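Shared between the two complexes below is subunit A, which has subunit B as its partner in the first and subunit C in the second.
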Partner chain A sequence: MMRAIPSLNGRELTLAGALLAALLIFFAASPYFATADNLATVVRNCVELLLVGLGMTLLLAMGAIDISVGMAMGLAAIVVGRLLAADMNPALVAISGPIVGGLLGLFTATIVVIGRIPAIVGTLGLLGFYRAAIFLSLGGEWLSGLPTRLTTMLSASAGGVPVSVIVILAAYLVVWLAIRRTPYGPHLLAIGNDEERARLSGVAVTRVRFATFVISGLLCGLAATFYVSTYRNVEMTIGSSLALDAIAAVVLGGTSVLGGRCSLIGTVLGVVLLRVLQNGLLLIGVPSLWQTVVTGALLLVILAAEVASGRFSLQSLRWRTY
Partner chain B sequence: MSSRLGGRSPTLIILCSLWVLVVGGLAVLRPNSISTGTMTTVLQFATILALVALGQGLVVLCGGAGIDLSVGGAVSLVAVIAMLLTKTGVPGLLLPVVCCLSGLGLGLFNGWLVAKLRILPLIVTLATFYVYSGLALALTGGAAQSGVPAFLIPWGRGDLLGVPLPFLTLAIPAFLAAAIVLGATSWGRWVYAMGFNEESARLVGIPVDRSRLIVYALSGLCAGAASLISLAWLGSGRPNIGQNLELTSLTAVMLGGVSIFGGRGGIGGVFAAVLLLVTLQTFLLQLNVNSIWQVGIVGALLIGVLLVDRLSVTRR
Partner chain C sequence: MLKSLKLVLAAATMLGAASGAAFAADKNTVAFVPQIVGIPYFNAMEAGGKRAAAALGVGFIYSGPVDTNPVDQLQIVQNLIDQGVGAVSVSVLDASSLAPVVADAKKKGVKIFTSDSDAPDSGRAFYVAQATDEGLGFTIIDEMVKRVGDHAKIGIVSGEATASNLNAWIGFMQKRVKDKYPNVTLLAPQFAGGTAQRAAQIAADLMAANPDIKGILAVASTTCPGVAQAIETAGKIGSVVGAGYCSPNTARSYLKSKALGFTVLWDPEELGYLTVWAGKQLIDGKALSATNTVQGLNHPVTYDAKTGVLLLGEPAVFTAENVDKFNF
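So, the complex of A and B:
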């Protein structure tokens, strides 16, 4: 059986090497890169992406996708922010994120899974819908200068470890256990490999797909709680490139966009590598406007490299819906 | 033949009745807004969407999980490329050529990744969407680029008997050409055949990959032409001009009765759906509905259309 921190396979070792190389290069290129301040920023920036990325890993492994994740996080963040501003108990504020995220996940699952619409098209529609909802509920203004109570609660120490670290590790462990120690994992990958065959061999395809969209929603909601606690504001453009970042990090980590293969530790490495690259490029003078260009190009290069190395053979392209 | 033009026959009837409903609603709620002026505005706004939706429609029709999420980014990037090239001294007369060629190039890049490397279209065009729209912003710093040659403006803003010139000279000919190619040439039948059943299309010897490459390139070309119209109409190259076009064009294509699985539907339906969508948007604008709602409503429409489509498939 696999251990909780599994031995790294070739892909993950390559990634770890690339991460090390990136760290060394930026360390040499910018005197500011290795300061405690900057490294803390990088780690902080990884948090939401990691949580959303875990959900995206499950979705891609199943042969699905959700490009509305950034907007779902945004909507949940608005609720969290408003409750925080209304002086609610910080513990309730903290769980309001996952609750809203879970409800949004239910909504997405109903439309995509029950309605049997290709996930990309369904979530594109939701993306537009959610974006309008974000603009309208913010009413053209940022939520800013939110109280520090949530931040204080999440950074409080429980047995020497900050609560936030415990929550993130718990989220990772739960997903890891679900994949490695329950039938959910094999079922998920079976659907990703061949949905029809999975159905014929008795996998409750609809239930597994439904659950995965809800789990992804929950994780987006949890990400929203951390977002609000870290930045203490919610801006209009919240989450606008989160879907791209999450997909790029997950694919970088070795999860197949065609489904059937996933690596959680790869996603963690992918998230850190992506955020280190984005931070380092900024420090060596690449304007932040180039960030989506670089991330998008990186995603294309990885995909092309996977094709070239024969990791996914030429397949006939088709929609996966039910 | 009629099925090539109109898609599934009820589509056009439903779209037309919806359109009458929208116009009727407008006539009741804002009687003085119904005029030829309004019609010209609607057609002016429809021109860009019509061209982009035509490209999107072809991509969806040709199957293989076909979708082009990069259209909006391509429109923005072409506008920026064209204006930057004009600034470096490329003669203004060449602007239409520059727009079409750079659009074609962006489309070819998508097509190469999809047809030759066989990477899923949704992930390819999602990545190129971010690359194209990101480049448009990064190259300009987000600022609109002025310097559109003067000879383009009268064409971009003029109209003939209330019909805007770009609509008359680009959108209508493009749709007619597409209808003829799809309905009356063997290449058009190939597009339907490979969309309907790729395996059998390959078995009967249709060059599926090459045809798919061409279809994605055509979608880029349409985006380039749409970009040219935006330049001539607005008089400047805006790096965010293509915003939300991926959503709106896909909604128009689905609303127009093209099956998301490819191989079924027609260009006529897409044309009608574009007019319906733009009329609806103008209607909302006239009623002072916050323009932010438009993207929300279009998103909801996309989901609604697909749900109805899937439910009716189940019934059959």
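So, the complex of A and C:
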């Protein structure tokens, strides 16, 4: 079940191959693709999705989902933006994102876990609720042209590696250790496989589910900090396409949308592939309108290829044949 | 149970009658119903309406829904009609549902007209329009060419591909370039959806794919900050001029950093002023002429009797120099 997180499994190899192919095609087709500036742009574009996608990976692996993640990031971004505008110390501003995100995760968990509401329904309700909160707190006016102090701090680099990359590596490492070296991982997947059986075999289901929503919230808040530092702007529509992008990237990466299977490397590859496609297609002159078609088709093709090769069976969808 | 319900109903009726009486307004009053209260754009229209009311000696009521709910908006319009104000102007949320309300208002002798957002087939007296799609499309191209020259390559970042107003503006941009600036290369529009983040990504990609690009036009207001941020991040301030249809408050810091050279929109304060002026003409029974001089506005206002459109005028251009005079 926990197979081969360090070494690449089938889906991850497929995805790595697709990414390599995309890189080669764009490199051949556009002289502007493999430039330092453009690659920096691609990396910058991945940041929020990598963080939110990490939380989504855990949620999906647990058989849950959160479609309000974009709005949670938006609310945290409003707090980060307001504190930044109020001239607060940038280090405090930076951690305000994850703090608010964690609190929102706690709230989401309370509704979904304690309230025993199916995650997709509960977070759909919260999506509307959070969106209204964003609208009311912005009052029709965006935070725009925020000070550059946070940007200066987070765009620094340590030994040539940008702070954002270090933070993301650290986040993935911590989650990887939690999955591999603590009971959290097996419990998470046990719940994803069969919640009732997990409960009967002594897994603290409520506690694990609670923790996972809080972790996802923390990561959304961290994404908010980077969002504000990169764009220095919080608009009314912030995060509106983030949840679907995150779910697409995570599922592309081989985490089962029905729970019980999880791949962190797959998520990273899924996010990078999505962003590289968005960037490269535009560079070779494909109108942005077609990008959603291409990413949608990619998702279908990869799943179809796995069904065809027998790696992905109806059993893995847990269709029961009684 | 039924008894208490009746009691409540009776109390509510009395309360309604009392408040109706309290708000009973005289005929010399113009009301404006925005799409939503509490946002800077409509606050500016309200301020213009108040200025006109004071200058023209007419009463002014500003009342609207707290969210963009068409049913709530119609109820407010209906309440104003029942109060018997002289004229009610509406920034329409749902064009299809205004007609019955207009018919009812006619019976009660209340004039209904639209402002800011129209319902052409509703029987409204006329529509006070902020700017034409043609004016907006032509102005942004003219202003951009002034800054980047008539041989430049210019990109377009729009919002949703389905937004008919944005597509109409893009159509007039393309027409202007084709008719007037044959040597300008206008790239095919890119669509960023609703987020500034995606707009920033697309603007960065456009600059990477077109190293000789001279200008980027942000069509949806949500794309303005994204395009500006991308120009700043790419270190292209000065070599690439950003511009768009967005409000001074959204664009202010980017206009000052020169990431945006200018933005194009209209002045909602003037639109609010013109709305109350137009309502006063209706109350006084004065017909509009093809060109009208409006006391308090420094430019003439045209009226097209065929379409029933009273046009505020050319769009306003906001730059680093004049942006601080506006707050919306």
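Keep in mind that, in the parts below, the second predicted complex is superposed on the first by the 272 of 322 C-alpha atoms of A that agree within 3 Å, B and C clash if a C-alpha of one lies under 4 Å from a C-alpha of the other, contacts with A are read in each partner's own complex, and residues count from 1 in each chain.
The criterion applied here is as follows: a residue touches a chain if its C-beta (ideal position, glycine included) is under 8 Å from a C-beta of that chain, and two chains touch if they have at least 3 such contacts.
Here the structure is a predicted model, which is why all the values come from computation and not from measurement.
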Quick check for you: in the superposed arrangement, does A:N193 touch first (subunit B), second (subunit C), both or neither? neither
Taking the superposition as given, does A:L289 touch the first partner, subunit B, the second, subunit C, both, or neither? both
Does the superposition put A:T14 against subunit B (first), subunit C (second), both, or neither? neither
Can A:S241 be said to touch subunit B (first), subunit C (second), both, or neither? both
Between subunit B (first) and subunit C (second), which does A:T206 come into contact with in this model arrangement: first, second, both, or neither? neither
Per the contact definition in the header, classify A:I120: touching subunit B only (first), subunit C only (second), both, or neither. first
One more residue to check, A:L300. First (subunit B), second (subunit C), both or neither? first
In the superposed view, which residues of subunit A touch subunit B and also subunit C? 132, 135, 241, 287, 289
Within the complex, which stretch of subunit B touches subunit A? 64-67, 69, 113-114, 117-124, 126-131, 133-135, 137-138, 141-142, 198-199, 244, 246-247, 250-251, 254, 260-261, 290, 292-303, 306-307, 310
In the complex, subunit C touches subunit A at residues 36, 38-41, 67, 161, 188-198, 200-202, 204-206, 208-209, 211, 222, 225-226, 229, 233-234, 249-254, 256-257
Going by the contact rule at the top, pick out the subunit A residues touching subunit B in the complex. 65, 67, 111, 115-118, 120-122, 124-133, 135-136, 241, 244, 247, 251, 257-258, 287, 289-293, 295-297, 299-300, 303-304, 307, 314-319
Subunit A contacts subunit C in the complex at 30, 32-33, 35, 37-38, 41, 44-45, 48, 132, 135, 139-142, 144-145, 227, 230-233, 235-241, 278-279, 282-285, 287-289
